[in-house]
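Reading through the structure tokens given below for one structure.
Letters A, B and C name the chains as they come in the text, with residue numbers starting at 1 for each one.
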């Protein structure tokens, strides 16, 4: 990375003198770049983008208008899962795309080639693997692990303490949950557990998963289902509550897609 | 509150001369503060924040990037519930937290210690009680009353003409509705009614409530349910359509939480 | 339209010299107006609004804070439906209202008197007919056709390759889908098909439609349903999977509303 070249930014931008700006970075108007931010070569930054202190952005990342990166968590006295802590800086790998109005928290670690579409949010203490797509309006709450080459389609909701392995597909409007006590008892804090989706598992549009559900390898939840028990590998479940229906068609199994990492 | 001290704001901010800025208020870059706005002592304002005319913000409120406060309603010829009217200014109590990209309307009255997470919206003619959490992406439509110490979790939707009493819990992705005529007939305008949730009532993740439903004290809707009739007190309902299943466990009753107002 | 009058904008705005600004246009602070943008007479632009190159905005359009218009699509290697292409400029007809934080893509064509509420998104290769309401947080994905005088209520999700004819009503939180193969097989690309709703069709709150469903004239999906087969004209379907329940009440039929185009 070349030394800071604030000369490349419009006069309307506010770049902290300690920010390290790579070669060929293009800025829109009215951007705010905080202390110790590092932007890799060739990044393209939109208008009104805010990048908070210490954020590390890899090379050739596109960040669209009104995105806010590296935000510090908001603490509320009666929030169940956000604790005081020292968070590491937000990191984004190379070739990521960050949509308009996206909010990324300090304490998230996002690998290369991740697409974060407009108005999505990634909270603190989250990792997102290479090549994953985080759809429009998606929420990834804190303490989640998302694997490589996953697709989280528009408006799905990944609750805190969830784990998605590689090549997981979450369809639009899916809602997950993590609290069997629905906000009551002290006991509940010991049991928070979101959804776990093993490699190649899929959740259909508008489905709801109860707390602590595991969807095993290549398991599939049909659209509109309510999942109250674990989903066996290579099995389609359907309904409310969801019941085993039939095997996943062979041609849909992950091993038969011929996909290679990119 | 001390007299206006625009000297404390960055040169990039546009503060109306009539705005009253409390002691120790910190501004980010490119903020726009309208006429007659009042900001209490110790507020922390992010970047690109807009506060429209007449808004009153209490002391020690945090407002994050790209939030827009005090917005005037948008009128459409064929909107069913927004009427021409004089709205009182937006008010926020002390110690509120306003997330990134939040939109708050003129005509909302928000009590102290309310957390409004990123990208939520609170419309006009709404009151929100002390200590309530309005989650990420939540919509509170117009003509709603929300009590104290409620939790409206991420992405839930509170339709117009809804009432939540104190300590109500609405899980992620809940959808409420208020129009039994589904957008048809002139008759419908007389009957709009959202959900009413009595003290300590709870609605599980991804559930849907039909228009005019009442959930009585400590009633609980299980996740993924469709609620077509009122929910009795201290009763769990489940399914589509939701049926009474069993009593709420004693240890989950509101009276057994030992919660005190903060 | 009068010649460009940048004098009418605050000094904080960045207007490209080639932008054509109509008579009486009012700008908020920190707006960015790109090359060859055309704004009709009497437009009212909020603060921090971005209008990208070539966008054509009709007369008397209101655009609220932090909206971003004319955005170029984001391409990802593993996205299924976004192809490289030349997109025509975004166009908005007269008297539209664009809410706070709205994102409109280059390649959308939006007719007059359309209300796009806060935080909604309209993607490329979409047309929206006159007088339609696009609610708060709504997503209209690419390759959709939306007719005149439709209502897409808050937080509903219209997937790619969907068609809504005139006077269609989509209630809050509706989720549609278009991929029967749930993200697997090459075969799926030939079969993507969203929802088709014929004139006057209605979808109730929180319902889910499977790929390729057609809802015929004046058909109605009850709230909370999962629609797995086509909905006959003038018929109410309900449940998961949705079954025919009864005829739509005569007084709710579109022909009995006395509505005229405005």
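Here is the rule we use: contacts are C-beta pairs under 8 Å (C-beta built on N, C-alpha and C of every residue); 3 or more make two chains touch, one makes a residue touch a chain.
Note that this is a predicted model, so its numbers are computed, not measured.
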item: Copies chain C and chain B - interface residue numbers shared by over half, same or different; value: different
item: Angle, in degrees to the nearest 5, of the Cα rotation that carries chain A onto chain C; value: 120
item: Centroid distance [mean C-alpha coordinates] between chain C and chain B, Å; value: 25
item: Touching two or more other chains - residues of chain A; value: 30, 48, 66, 101, 119, 137, 155, 173, 240
item: Of all residues in chain B, those that touch chain C in their complex; value: 14, 30, 32, 48, 50, 66, 68, 71, 74-79, 101, 103, 119, 121, 137, 139, 141, 155, 157, 159, 173, 175-177, 179, 181-185, 187, 208, 210, 226, 240-241
item: Touching residues on chain C, where the partner in the complex is chain B; value: 10, 12, 28-30, 46-48, 62, 64-66, 97, 99-101, 113, 115, 117-119, 131, 133, 136-137, 149, 151, 154-155, 169, 171-173, 202, 204-206, 220, 223-224, 239-240, 251-254, 257, 262
